[in-house]
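Worksheet for the structure shown next.
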């Protein structure tokens, strides 16, 4: 067994040498993938293992914070994590990620320019974009006949008790900031004071807070419109085109989830091999098929079906440029308290 | 003072012996377990509750009272009171609904008893999430219950049941009912049949027979059921999220938010948790003290 | 008495309807053609076929059953022994221990999960089946303990003394007199323990590793994508399997058993 490992390592070292990469010996033939629960189709994992022989130990999580909790506890060492943009920013600041060797991820060229060098990873050194999306308004046009163009159209008294929103205090505050004409990252104490009256007016109109599956309430007909993830809206549209997706006129924001390699990853080379695998157009297409967010891989987009590309929630017409979330540090606490207080006033 | 009607001599209190070496050896694993897996983690949380918040979650080891000061905020105290009320309501509902069932099962012939017990438990070997989402299907405006009520003509328009506090209570009662039925069943099962028959035959109506004789005899089971429902119900937030629309926060939601939500405020979550534990432990200790006075 | 019994039977039946209503929906939807577990569209067996292709899901069920079984066994031992010893002997600080034992029931699962995670890191226990089982036992055994304690309350001490007088050793008295007496409580505790462990989500998240995914974790992971009916199908299969198991066991018991212990006068 040991001899086999040795010869494999020798072959790889030779391979590496001839392609000019670092001559680290290939670690154990497995990688620990820590990713969002809905983002990695089993087919992609199986395909990767079949091709490279590297086993993928896949552990899902349902929020950035859950991921950070387990990552920092040190209980497990992960090779790949899949943080959102603002979390990557914080991780880079805390020096928790390692640099990606782009020579090992040549398929990175398939990623669209508009998804590279964004503020959270300005020199594109640490992350490979996985899926992008936006947060916007979804409307059941059978029940709501008035035109809905922005947040102020949604949060009207006539829709009281018919609205679903994400159960995320930072998101909610960002919408009210947009209504004030501010960017989603302008979270000074002053700005928060200014959004309080707006939220005090909006929140009593909400029927359901749901970040996990807001489509449920919409499909059930218990609510008629809401502010949700674009992936949820895309699912709804695919189910029934009566669900329209609208990017709010006051200002929407996008999110970008990317693969990154923690600083203490046991098998960074395996991780980069995985990164290279998923940026292949035909593999990326599988990911899109599984969950209809915005695929940043332009080559993959060419392989998508016309229905997928026509879905306005996945690929908003006009390809608008949207701002992303930045790391806001301690302001998160103030935001959470703000929303909790207002919700409790019911 | 708890009346002990099962022993005819009027209730000889248990004469506890001083533990022998063997007894110490036997209880040692339990004590070790509690020390390692209850006390140690709780101490970790206690330490965290006095620490400062780390930017990416986690803590910075610098002492501060801030977290407990934040707990004292009226918003959170209100939420805690509300959670206690919900738990109380759930417990009472479980008691009312579950006691007759436990009584029936406890007095059934042995073969049927076990079958009934299994019948009670089997629904809870399915996934909590799917079960609770099934309640969404039942309670939604276009759902089962509304359809039936509309068809039968009891209501003219769909009744709004989902995403209300009522729906949350239904979900909580559903989740905890077996944990009320089972402990009460263990008390009912050992009731002396002759005594039960006598209670009913001696002229008193069934209600008095129950309240004056049977319920007191099964009080240990009732107390156990109350404990096993009220306490866990305090911390459960998932039912509130799914059936209540997440509109009204329970203390469980707040704490979850500190660890798994965008707040990333572990020390505050720890402080909230510690407050709950201490409050409850104090209540338990105090009630235990009052009972031991009578032994 | 007869009239009361009929009313009780009716109440129990009504409660059973309450308990099984969501289950009926769950089973019904396992035949639903719509992938999203929300509205009915048509009939199909596809999801049952899908189970066999979903190796991850089946493995997670296996893991859950394995964990739940061991957890129940350990919880019953710890809970019963603890309840009996605390009842029989006057241990110093007993009330303190009693309160401490209840803490895991009370502490919100998130806190328990995080603190156990950190504890395991500190003592360098690798995450996996052991860590999960330890966590589950920690909050399951109090349920057994409480159930057994309730049964012990009001125990006629004459019972145990009589057993001792009749020549049995203390351990024999325990085994042959006490354990049968406690059996309903032990069974109740075991049922509660098994149920809790089988469905545990949050603490398990923090103490599991990639190779030890449980069914609830797997199901929760699929919420965002939509709880597809494969999950309903596997739950239905499990219920049917359990029902068959119970009926078979009862049938075998009835064939082999001595006349069951009927209550005098029942």
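Letters A, B and C name the chains as they come in the text, with residue numbers starting at 1 for each one.
As a working rule, a contact is a pair of C-beta atoms (placed from the backbone, for glycine too) under 8 Å apart; a residue touches a chain by one contact, two chains touch by 3 or more.
Remember, predicted model here, so these are calculated numbers, not experimental data.
Chemist: Based on which chains touch which, is the overall arrangement a line, ring, star, complete graph, or other?
Modeler: Here the contact pattern is complete, since every chain touches every other one.
Chemist: Across the interfaces A-C and B-C, which one involves more C-beta pairs in contact?
Modeler: Spelling it out, more C-beta pairs touch across B-C than across the other pair.
Chemist: Could you grab the centroid distance between chain A and chain C? Build each centroid from C-alpha atoms only and quote it in angstrom.
Modeler: 37
Chemist: Could you put a whole-Å number on the gap between the CA centroids of chain B and chain C?
Modeler: Roughly 15 Å separates the two chain centres.
Chemist: Among the residues of chain B, which are close enough to touch at least two other chains?
Modeler: Correct list: 133, 259-260.
Chemist: Quick check: what residues of chain C touch more than one other chain, meaning two or more?
Modeler: Expected reply: 38, 114, 118, 220, 223.
Chemist: Return the residues of chain A touching two or more other chains; collapse runs of consecutive numbers into ranges.
Modeler: Touching at least two other chains: 62, 66, 69, 212, 216, 220.
Chemist: Where on chain B is chain C touching in the complex?
Modeler: On the chain B side, the touching residues are 2, 4-7, 12, 14-20, 23, 26-27, 29-31, 33-34, 37-42, 44-45, 48, 97-98, 100-101, 103-105, 107, 109-111, 114-135, 137-138, 144, 174, 177-179, 182-183, 185-187, 189-190, 193-194, 197, 200-201, 206, 217, 220-221, 223-224, 227-228, 231-232, 234-235, 237, 251-252, 255-256, 259-260, 266, 269-270, 273, 276-277, 280-281, 284-285, 288-289, 292.
Chemist: Note which residues of chain A are touching chain C in the complex, please.
Modeler: 32-33, 36-38, 42, 57-62, 66, 69-70, 73-76, 212-213, 215-216, 219-220, 235, 239, 290-291
Chemist: Looking at the complex, which residues from chain A come into contact with chain B?
Modeler: Answer in residue numbers: 62-63, 65-66, 68-69, 72, 87, 90-91, 94, 96, 167-170, 206-210, 212, 216-217, 220-222, 327, 329-330, 332-333, 335-337, 340-341, 343-344, 346.
Chemist: Which residues of chain C touch chain B in their complex?
Modeler: 1, 3-5, 7-9, 11-12, 15-16, 18-23, 25-26, 29, 37-38, 78, 81-82, 85-91, 95, 97-112, 114-116, 118-119, 122, 134-135, 137-138, 141, 143, 146-147, 149-151, 153-158, 181, 184-185, 187-189, 191-192, 194-195, 198-199, 201, 215-216, 219-220, 223, 227, 231-232, 235, 238-239, 242-243, 246, 250, 254, 260-266
Chemist: If we count contacts the way the header does, which residues on chain C are in touch with chain A in the complex?
Modeler: 36, 38-39, 56, 114, 117-118, 120-121, 126-127, 205-206, 208-211, 213, 217, 220-226
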